[in-house]
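The first chain written gets the first letter, and so on, giving A, B and C; residue counts start at 1 in each chain.
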Amino acid sequence: MAAIRFLGLVLVLVTADLAAQQPDTERGRQVYERWCAACHAVDGAGEGPAAGYMLPRPRDFTRGIYQIRTTPGGDIPTDDDIMRMINEGMPGTTMPGWQDQLSRADRQAVLEYIKSFYPPFETMAAPEPIDFGRAPRVSDDRLEEGRIFYDSIECWQCHGDTGRGYGSSAPELEDDWGYPIRAVDLTKNWKFNGGGSVEEIYRRLRTGMDGTPMPSFSDLLDADFMTEDQLWSLAHYVRSLAPDRPPRVREVIRADRVEPGEVPTTVADERWDEVESFYIPLVAQIIVLPRWFDPSVDAVWVQALHDGNEIALRVTWHDRSESPHPNWMQWQERVLEVMEPREGDLDPAPRPDRLAVQFPRSIPSGMERPYFLMGTSDNPVYLWQWSSTDDAEPAQARGMTEIEPLGGSIASDARWEAGRWQVVLTRSLEPEDTSNRLTFERGTAIPIAFYVWDGDNGEEGTRGAISSWYFIYLLEDAPISTYVTPLMAFFLTGGLGLVVVARAQKRERALETASEGPDPTTPTGRNP
Amino acid sequence: MRDHPFWQAILVFIAAWILVRWGIPYVPPLVGISSAPVPTSVELQYMLTVLVGILIWVSDNEVRWKRFKEPIRNVMVQPERKWMRVAFLVAIPLLVAFVTYDTVRPKVTAPVGLRSVHPANPTSITVDGESIILEGLENPFRAEGRGDEAYALGLDIYYQNCMACHGDYLDGQGHYAHGYNPLPLPLRGGGTIAQLTESYVFWRIAKGGAGLPREGQPWNSAMPAWEDFLTVEEMWAVTYFLYEQAGISPRTWEEH
Amino acid sequence: MRYSDAVTRALLPFALLGLIVACGGDAPETEADDAEVEMPFDVATAGHLQGMVLFEGDPPPPEVLDMSSEPDCAAQWDDQPMRDLVQVSDGHLENVFIYVKEGLDGMDFPRARDTPVMDQVGCRYTPTVIGLMPGQEITFRNSDGLLHNINSSPTVNRGFNISQPVNMDTQRSFASPEVMIPVRCDVHGWMRAYIGVVPHPYHGVTGSGGSFDLRDLPPGEYVIEAWHSQLGTQEQTVTIATGETAEVSFTFTSEMLGTAVVPLGEPIYPHRHHAPHSAPATR
């Protein structure tokens, strides 16, 4: 009897399990339409209501083309491949991860539903993942070998010699749907769509990234042009173009003090190499009209020095072109054509690259600062404006569309090289006219913010990349008390210790001379 | 050594420290309870309490107290422990000097600002030239039972305009959220709009960061004034959508 | 045939570094059913179709290409590198893909045994239009010795994106009929080619005389389509009689430029193949 009941239970469990494994189309549809359709569209074709506000565009599921796979180029992905995209999202795009947001059953149901947009998933043979093997250890020789292959198989045609994505083919790239697509900046591996580890890079080299210009390199192995081991070297080399860890964001930029007259005023000055760099993320200006959802610059690195009289900032950012560049004109045309919302004047035109560094007009005493987006009519901000076609100049802004030069200029030196702008801006700590221009005080946190415009990406005016308020802190020579106080503390504590020890020893000797007598439980002295 | 009060005291102290530093943040998650690291100031308080407790325990009995002090006394007086004595006499003052230096050296830090997340709303606002009294105001879509319409309209508006900051999942993790300080607020969970009436949310949407009172730090907020982009009806629709999509209900006027 | 077979076969190591090899016959024929297919009609009853594609009006001037980034490619041109999207000689239009669109339903034809070559010389495709049967291999050849990628974006078939950084050959095939499959090189944005896949051998591409010749058609009535990458498509109905040669001519005009709808990725005989429902054409 018990055995029958047990069998029955097993039967019930097995049936329940089978039922759970059936693709739950209705559940998949509900999850999809609630959480995915705004971008990927109800019909799965990737043109949902929000799709125009993002580049790269959301995936079109109806063609069964997937970038990030473990299967050979041109093949459909495995379920695990699709689940990984759902779980982890795609860095560098607007696709977030859903692992902690949706239940496992919901994610499984939505996976099945997504596959149903491309019926061949049902009829085609199950895809075979490639056996990628294990990553060999990295070494200098391996990186050198990787560098040689980076040159010989011409990765630089799109990614550029330094990997910053500025190769000569970069302005023309389009995806399989005809949308403009950027060659990835290989020095920012935290933004790689399929992940930035050496293993993930190797997978992309083997499988290619279907739907994009990135081809598969597996045929080169088959043709004996290179070995798997050499392709691993290339993956290691590509990995080595990015830092070990993504940069950390810190709220305060430190301006160290150097000897008077020692502030470097040129971009190429080697002294900058010794100065700490502060990473400031930039994001799209999507707050005031007209907005721009696709800025090409996502961060600046800031270095700062002062010598008691002058302050110099070196601002570095990656930019694929020295705008205005004729080869990038058609890139601008294509980007302006596809990006929503269509606010403001979107005519393609030769536009320069620009940088603005924003300060308050005077250091605020409390927390209150001007509005972070270039101030307001009653509380304007002080700007340093630089452009690739003009000298740098000071300006005052009462909002993003109300900028007026203050007259005079800011000393500057700029260089675009290999996909990167570097601009040095120098000014005396104390301006001649203090009414609208900031006096840099030392030893206090001064609000600072950054704006970058990529002219060849159609950026101008309110269409650009912005930061929120950060701070810059000009280090003062440390007051003498900084060193005297610890020294005094050292001697005081040391002296006290000596006294305590001396007293303990004195008491010990006294006890020894008066020995044989006292009760052993009597306290022998004060606790040190 | 195991039953020596001095070493027992040291052991208890170290064990307590490990518990406070690592046990509290990392053990509860193992059984599914969320936790967080203990702030340094609280850690200091905990450890002081532990120290006082240990001292009371060792000194509450004369014999134990004497035994407790023995190793300390030995280091101070025994000739064969001379070098240990010298080491302590140098190391302890050095430690004190270092802590002092760390306290007095000039620090590169940002000023700390206190920001009020839900400042009091004005009694009325003007949108599109019309004065709207917020007190007692209901979402017209909800009041008229036009929820489906509001959801459909609100979904398009949200994912076109709000998602970049407030996120696909309304969790404040949009792809541009990291660029702002303060970070865009999550809309789901009990901490934000769940505590507010729809009229309050409507006010925040219509007037944005710039419309905040001073305690809300309007100069830092990246929230646009959506009256510049959307109609009154669209703002009510997206308000309705937020609650619906986040799976929460607005605070009603009766709850006040 | 199954798609995975096509890939497996295509991935076999054909290409040899630094050599231009004629396509070897070393592709193992694994599909017995394929080999058994015979002509589905008595060839003795066949008729033929001959024709001409004409162009009226002024063809657009050739586009001047900037190959300054690839001096090795530019050196292979006698003078300025150009791209002639509408190639006309003496009123005859070249690079028109001609095929039987309707009239052969239900007939299975043996797969063609030859392997056409699409070469890359001087940073252009030669030829730029090729017709294939499902499963028939095509060789992509890099004779330039610099990086090309061959990025096909079909709608019905599975695509591929091959990198060829050196002189090499790579074979691929398409499993299902589809007219037309665009092929591009992302490194050199001006390089575009088209592949038409039809489930029978009755297809051709017009050459310098603008003429085409489809031989050995079973007698019957057919819809013939002429496809051009810039000028769109035209259809004509013809009747083929045993032992006779029917003639047909198509005329494209300069007015069609810019207004023509150029279909890409359209399935042929959709009822016989698993095509995605409502698959959008390349936008």
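Going forward, contacts are C-beta pairs under 8 Å (C-beta built on N, C-alpha and C of every residue); 3 or more make two chains touch, one makes a residue touch a chain.
For clarity, every value in this text was computed on a predicted model and none was experimentally measured.
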For chain B and chain C, the contact-path distance works out to 2
Min distance from chain CA centroid to global CA centroid: chain A
Between chain B and chain C, the Cα-mean centres are separated in Å by 63
Cα centroid separation, chain A vs chain C, in Å, comes to 44
Taking each chain's mean CA coordinate, chain A and chain B are separated, in whole Å, by 24
Listed in rising order, chain C residues that touch 2 or more other chains are none
Note: in the complex, chain A contacts chain C through residues 43, 45, 60, 62-65, 72-76, 118-120, 123-125, 127-128, 152-154, 157-158, 168-169, 172-174, 176-178, 208-220, 222-225
Interface with chain B, chain A side, in the complex: residues 34-35, 38-39, 48-50, 53, 93-94, 96, 98, 101, 249, 251-252, 254, 281-284, 286-289, 293, 340-341, 367-373, 376, 379, 443, 445, 466-469, 471, 473, 475-476, 478-479, 481-483, 485-487, 489-494, 497-498, 500-501, 504-505, 508, 521, 523-525, 527-528
Listed in rising order, the residues of chain B that touch chain A in the complex are 62-63, 65-66, 69, 72-73, 76-77, 85, 88-90, 92-94, 96-98, 100-101, 104-106, 108-111, 113-114, 155-156, 158-161, 163-165, 167-169, 171, 173, 175-176, 178-181, 210, 214, 217-220, 222-224, 228-229, 245
Note: in the complex, chain C contacts chain A through residues 2-4, 7, 11-17, 69, 146-147, 149-151, 153, 155, 158-166, 168, 170, 186-189, 274, 276-280, 282-283
